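Dropping the structure in here first, questions after.
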């Protein structure tokens, strides 16, 4: 599922960049830079980067469906890690285009499924952990990070609120396609977003994603009610 | 902070047409805070501390030796305040160790218990309470009220911190998650649960000084090794080996960030 | 006393079940009937069944009874409940959770000299009303509040 | 015999407040274990507290009381150094009594 990273993981650039940005944010100097030593011992940042990868690969083990291959970063993960989610524009555009091209659009040209099934999926936070069974379908994990319906008060705030998503944007084919694409692979729109690539990685099926699109857009869905 | 602010701004901009940040509204969080206050009295972790103290003083293992000569970094047998200075470098083992890893050293060298017997099933479950978990409860309880004072003086300690920091930002797995995905911005929640921002010293201190903890949802005392293990599970990573260097490095990164705060564990969590 | 309460309840038409009836007509020793009554109250699956088994007839509401519960419980396994009654001669407090598989959570009896106050923690399967029933001077009072039980994320 | 309780009793303005933390699984009988088998009900059914040989609280627990039950109650009187004892009985007939000095 994961590709071996081809890019080297030199984190000097990453920390330098972080430091530059910190300098630009007058009141928001991170404590890390106030307290952390510039270098550990005699080791260079590059050496520490290499050692980190060695230790990570040595100190994890397979458990259930979670195999150690999951630790191998693909190009996107490596780039986002290296630049703390703010990669240079050129790299960002290149990888984003790659991700976008890989989106598999529904063959039947339909994007909306059943919002009721979508709501169930949105509530479920399971899937892909070592305690999940391989045959059990993954949940959408939506409420973990997003507000969706006014009724559900237990929603996360890692992602933006999606309350009234369809009510605000309508249900044109363009909007449907956008929502489908965004759930299928949010990284095709925003390379280092926190949101998983649900379709691209195969976490959710095409039918499940359609159900989630319906949850977002259907006028009868709780997302579009008050 | 810096990057996360930028990132947060980016997200908000990207969605600004139709959303407002959900955490702007805080009444539910206020109610949760009240709930936590209401359950803060009567922490069942006290029972684990009691059991741990007994185990500490009682001869055990093939050598029939107690743990009372165990050196947790402040000299053989000194438990008081030891946890507030961990992880640290130990010259006898020539490595940086967190509490659990150090307890393993003592259980193997003093008591003669094979390491694999300790690490095979190190977390509690239905009708199962490993000795090391109770020892953890006892040892951390002996640092209650002590200021966190983790040192990075030894080169190996610095190295552990630097590696821990890198592990914290390492994105991988089917969900592309890193620790930082959930723990590098202020005021985020998963569902209803507040997420401490480890780039914010106040958050980091509050989180670190209230672990290990009794988890009411599981009816069980949980060590810091368990906390990291379960984070990695939900990060969709494979399993970190118990008390391995990767977990110690990450612990070092977080423990250092809690310096100056008064240790208040074992905590009581939802 | 207990017997009398039940007799009164019977007269006013409150359902008592066989045990209550037997107790009321003196066929069962009051103490024995009470013990069995307790058990059936704990087995009650609905509010009505529980109130029946406890011999409660149309409880009144009272500002002298304070029920403290969280509005939102982060976890249903531990929901703190405090009942504080300033009614004179508070004899008993019952804590009930309407939507639990068994609605009665606990009974507390206060001898002379013990205050009408108790704090404990209950399990809740889902969002539900939590009810405190207080018996003072032979009369029942009722206070209820809703507790929302939320779905959890990873949690600190 | 059950596991020990933690009892704290303190008197203030003539009223003794007692906080009790008990160790008990409080199985509802409705929970399934990892193999999908029902775990049988196992819970405290009765709790009694005494002060100077006089009963100060009687209580019955159902299955809805949380694991490791916590209880706070108050009675009039009590002098520092006097003892408060608490006893519980569970549905398997197990029992435990502990006491604490009023502070």
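Structure notes:
Residue numbering begins at 1 within each chain, and the chains themselves are lettered A, B, C and D in the order written.
We take it that a contact is a pair of C-beta atoms (placed from the backbone, for glycine too) under 8 Å apart; a residue touches a chain by one contact, two chains touch by 3 or more.
Just so we're clear, the structure is a prediction, and the values are computed from it rather than from any experiment.
Among the remaining chains, those touching chain A as well as chain D are B, C. Between the chain pairs C-D and A-C, more C-beta pairs are in contact across C-D. Taking the CA centroid of chain C as reference, the farthest chain centroid is that of A.
If you average the CA atoms of chain C and of chain D, the two centres end up 18 Å from each other. Chain A and chain C have CA centres that are 49 Å apart.
For the pair chain A and chain B, the distance between C-alpha centroids works out to 25 Å. A straight line joining the Cα centres of chain B and chain C is 41 Å long. Residue positions of chain C with contacts to 2 or more other chains are 72, 77-78, 121, 150-153. In chain D, the residues that reach two or more other chains under the touch definition are 66-67, 70. Annotation for chain A: residues 125, 143-144, 153-154, 156 touch two or more other chains. Of all possible chain pairs, those that touch are A-B, A-C, B-C, B-D, C-D. Residues of chain B that touch chain C in their complex: 28, 31-32, 34-36, 38-39, 182, 189-196, 207, 210, 215-217, 219, 230-231, 234, 269-270. On chain C, the positions that touch chain D within their shared complex are 38, 42, 77-79, 82, 97, 100-102, 104-111, 113-115, 117-124.
Residues 1-2, 11, 14, 18, 21-22, 24-25, 28-32, 35-37, 39-43, 48-49, 51-52, 55-56, 58-63, 66-68, 70-73, 76-77, 80-81, 84-86, 125, 128-131, 143-147, 153-165, 168-169, 187, 189-190, 192-194, 196-197, 201, 203 of chain A are the ones that touch chain B when the two sit in their complex.
On the chain A side of its complex with chain C, the touching residues are 123, 125, 143-144, 153-154, 156. Those residues of chain D that touch chain B in the shared complex are 3-4, 6, 19, 21, 23, 25, 33-34, 39, 66-68, 70.
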